[in-house]
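Presented sequentially are two complexes of chain A, the first with chain B as partner and the second with chain C.
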Partner chain A sequence: MTQIISKSDLITWLNKLAESHVLIGPVNDNAGVTLFRKVSQAEEIAFDFTNTTLSPKEWFFPPTETLFTVERKDGQVELVPAEDVEAKVIFGMRPCDARGIALLDKPFLNEPADTLYQQHRDKTALIGLSCREVLPECFCTSMGTAPDDSSNMDILLTEVADGYIIQVVTEKGAALLAECPEGLLKQSEVTPPALSSAATVPIEGITEIMAENFDNVYWERLADRCLHCNLCAYVCPTCYCFDVRDYNDKGKVERVRTWESCQSSGFTRIAGGYDRRAGKAPHLRQRFYHKLFYFPAEFGSVACVGCGRCVKACPVNVDIREVIMDVHNLGGQSGQQ
Partner chain B sequence: MEKQIRDKAKELLSSQAVDCVIGYGRATDGVTSRPLFVYEPEKADELIFDKTCTHNLTKYLLNRKGKKTGIVVKGCDSRAINVLLNEEQIKREEVSIIGVVCEGIVEVSWNQVSEILQTRCRYCHQHAPLVYDFLAGEPIKELLPTGEEHPAVTEIEAKSLEEREAFWSEHFDRCCRCYACRQVCPGCYCTECFVDSLDPLWVGIRIAPAENQIWHSIRAFHLAGRCAGCNECERVCPMNIPLRLLNRKLANTVEELFNFQAGLNAEEMQPLGTFIKEENVGIG
Partner chain C sequence: MFIIWEGKVDSSNPFIPHLATIQSVTDLTSDVKLFRIELNDPAVQENFDYKPGQFAFVSAFGIGESPFCITSVAHLSEGLEFAIRRVGTVTNSLHELEEGAIVGVRGPYGNNFPLKDYEGKNIFIIGGGIGMAPLRPVINFILGHRDSYGDLLVINGARTPQDLVFAPEFDTWSQSPNAKLELTVDRGDENWTGRVDLVPNVVKEIKPSPENTIAITCGPPIMIRFTLAALKELGFAPRQIVTTLEGNMKCGLGKCARCNVGDKYICKDGPVFNFEQISSLFEEA
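Moving on to the complex of A and B:
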């Protein structure tokens, strides 16, 4: 027996949660873009979305946020750290994106933890939604998750004919469900329909082969096509490069952090103009070495969740699935191609 | 036409007239296309040309200065070649142009090929390239029906100032400043883009409405009289910002004021890059 909730009752429950939380869910805008946005009521949520244009990482690692302000007051210098005070519920988190957040935890919560990221995590509950459809660009099952993976969620919902199956995963999730008005949850024998499987990508052993191919001419050839925009990094649930800048406005200083990417011209350029990743190929290579070599070496898993956003969004079809297969074909013969 | 392109590419590579031919190949979705760099004659058979070949490849010439390069160029893209020649960004003798006659490109996105012609193609006057060394395909005798005015631009022009501000704010607020529009644009080649300059910091690094608005406004003005209308900026935008409208509006204005269209030839200087004392356009 499982607990299920009908769609209209789900909306009632989400609206109840919205009384005490900021409710965030996928919203379609007029221009054909779907993004995780604050909603004032659950009816605004696009329940039939496939995947969002940007990943929900923007609620933990926002495109732009103030880290702290420094102000001179009565002859004293006062530093005020930014604080996240809003309790949030994100509805509609896909399993790949939840794994993306779990991977972001590794660098951001590694000691010393990034305090603001930690607050966003603590203040936010995740109500996941299993995928109903495997898209042509999806390859999550090769990257350690699955369309119905409940790990990294607080609650996972799975859509069935007469509503949503509810799986409570954490205590935070149980607390949310406790707020569900009485009588809305039903018992059911229903089982979720089977999905077609996602594309398979040979990820096994990739880190070892990457170690052998840093100087391979392959990266030069791949970079021929790359435009070196930040698009792949910005749609990616696991990319976390940022830039920091201080703004001074009439004696009040604000330290701001924004998204950045390894493709931008200033990446790794240091005082004096030296750039240890100068040139187009080293920039593009950095993207794949970070995902498939540095991150696994540091944190134990590849920094990709198989959401397929970069595959779909890249204007010139730099396809990470193809890159992984190509790297396997390069084998251990560095520079021999 | 594909055979003509492949044969020419093979010839250019075999004779070492060029060391690379930039054309189109099949994308990993199996249905759309992507830029393809061919270095060996035997790889030339991977070159394709069909109604999905939307990319303007001329941007890549900027990465190959001083290297002999062959390139597949549609009519629209050839205007960008003229812009780059005029602005002395490429040398004519370094580029072997395989021109293709194009009947129009359809709306394409990842794994999807529609039957609908792209908007720019419905108004296209340039089915054959203006500049080429070799032409693939038969010249089109009958032009497709075209309109002089761009209806979407006229629509925006009819709105009030407040409505236009609301329209653009809604779009620019969504911008994530990934700069895909800039990176794909043949006209965007500044050594240091004004938004990348940190000292002085011309535009703040915040990805936020005010900064986004400055970014798009200044970029549009930098392209006035230089944008050849390939519409790559709009195609690559992940946030579906209708950049075509901005570029088209400025192109219309430049044409009205100076009777000039970007890239029709390589000789005529673009109006905003020249100062003619006698010119009086009523703006100061």
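Moving on to the complex of A and C:
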């Protein structure tokens, strides 16, 4: 037996949660883009979305976030920490994106912990939604997750004909469910519908082969068509490079953190102009080495969740699935320049 | 509400610097100033322990923050000293500041020169331009623990005689027991009677023995490249040659992913590396 909730009762429950938390869910905007946005009521949520254009990473690691404000009074300087973040419930998190957050935890919560990130993390609950369909760009099952993976959620819902199956995963999830008004949860024998399988990518052994091919001419060829538009990093749920800079608006000074991409031209340039990673190929190579070699070396898993967003976003079809296959074909014989 | 949150976590936000006050500003060259900075909270200043080779971020509030090596030696100086060349936005702004100005300091970060391991060895310092800034605390540490080390040889090069950053300290360095200082410039002037030559050529000319010696170098990339070749020619093994790397970095904590050289971070695994370690990195440092 499983617990299920009808769609209209789910909306009632989410609206109850919205009374004490900021409710965030996938919302369609006018331009055909689906993004995780704050909603004042659950009726605004796009329940029938496939995957969102941007990952919900922005709710844990915002594109621009104030670290502290500098207050000057009578010649004195005071640094005012960023305000406490709000308690949030994110509805509709896909398993790939939840794994993305779990991967972001590794650098951000590694000692010394990034306390702002930690606060976002602790004060946010994830109500996940199993995928109803596998998209052509999806390859999550090769990247340590699956369309029905509950492991990084607080609650996972799975859509069935007469509602949603409820799977409570964590204590946080149990606390959320305890706020569900009485009588809305039903017992059912229903089982989730079967899905077609996602494309598979040969990720086994990739780090060992990457180790052999850093100087391979392959990266030059691949980078020839790269425009360094940074879209891949922008849409990626696991890209976490950042910049820190000061904004000075009419004397109001804030130190902010912003998203940054290893594809941007000034990424490694130091004052005086010297850039040890000049050129297109070293930039693009850094993206794949960080995801497939450095991150696994540091934290034990590949920094990709198989969501396929970069595959869809890239204007010149640089496709991480092809790169992984190509690297396998390069094998141990490095085609040194 | 489902969250147990203790609050006040942001007081431990590692990005919030300590407030600090500039105690003095000294012109070292036309574009390098020495800033002596004390942290405003005496208890924090007291506990701010650091070793030669470590760095800290200095903030010019409203402009930004940048990483700088700490050029003083803990317990030998009051507060922290930074030798800062005017070369970009933050350094331009810092150069505008005077005694009494409030800045931010966070750190110390990174590893350090393993001076304990070098005890009993001869130390050969090769520095060019502002590259002397991280080497100065090594020299002063060794002179402060003179009996623990063998001979000290310093080769210091600069573009012109006016660009020799730590000129006021040259007498102290050269007059210390078993210490020798060799200066060289790219272009002399009417008062200059010393060498006019490139640093790597001076290394080749002086020919220090690699026997029981550690060479520590920092300077412009081109100087490092040819100095490394000269040292290898003299028989120095890569692990006997040590340098400190510079990188564009934003956190100092191994999080912003800006300063990686291959699978190592300059901020966390470095900035001090020997050339055996550097040659095992994937990427050119």
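Criterion: the second predicted complex is superposed on the first by the 327 of 337 C-alpha atoms of A that agree within 3 Å, B and C clash if a C-alpha of one lies under 4 Å from a C-alpha of the other, contacts with A are read in each partner's own complex, and residues count from 1 in each chain.
The rule we apply is simple: a contact is a pair of C-beta atoms (placed from the backbone, for glycine too) under 8 Å apart; a residue touches a chain by one contact, two chains touch by 3 or more.
Since this is a predicted model, take the numbers as computed values, not measurements.
Partners chain B and chain C fit side by side in the overlay (superposition on chain A).
In the superposition on chain A, A:I5 makes contact with neither chain B nor chain C.
Once the two complexes are overlaid on the shared chain, A:V168 sits clear of chain B and of chain C alike. A count of residues in chain A touched by chain B and by chain C gives the higher number to C.
By the touch criterion stated above, A:R245 is placed in contact with chain B and with chain C alike. In the superposition on chain A, A:L54 makes contact with chain B only, not with chain C. Note on the composite model: angle chain B-chain A-chain C, taken at the C-alpha centres, equals 90°, rounded to the nearest 10. When the two complexes are overlaid on their common chain A, residue A:L103 makes contact with neither chain B nor chain C. Contacts of A:A18 after superposition: neither chain B nor chain C is touched.
Touch criterion met: A:Y274 reaches chain C, while chain B stays clear of it. Superposition on the common chain places the nearest Cα atoms of chain B and chain C 6 Å from each other. Touching of chain A by both chain B and chain C, each in its own complex, is seen for residues 243, 245, 266.
Those residues of chain B that touch chain A in the shared complex are 27-29, 32, 34-37, 55, 59-60, 63, 109-111, 170-171, 174, 176-180, 182-184, 192, 196, 198, 201, 204-208, 232, 235-236, 238-242. Contact residues of chain A toward chain C in the complex are 20-21, 67-68, 70, 76-77, 79, 81-82, 84, 87, 107-108, 110, 112, 114-116, 118-119, 122-123, 125, 172, 175-176, 214, 240-246, 248, 253, 255, 257, 260, 262, 266-272, 274, 276-277, 282, 286, 289-290, 293-294, 297-298. Residues of chain A that touch chain B in their complex: 29-33, 35, 53-54, 63-64, 136-137, 221, 224-225, 227-231, 233-235, 243, 245, 247, 256, 258-259, 261, 264-266, 280, 311-313, 315-317, 319, 321-322.
Residues of chain C that touch chain A in their complex: 1-3, 5, 7, 9-17, 19, 59, 61-66, 87-88, 90-91, 102, 104, 221, 246-248, 250-251, 253-263, 282-285.
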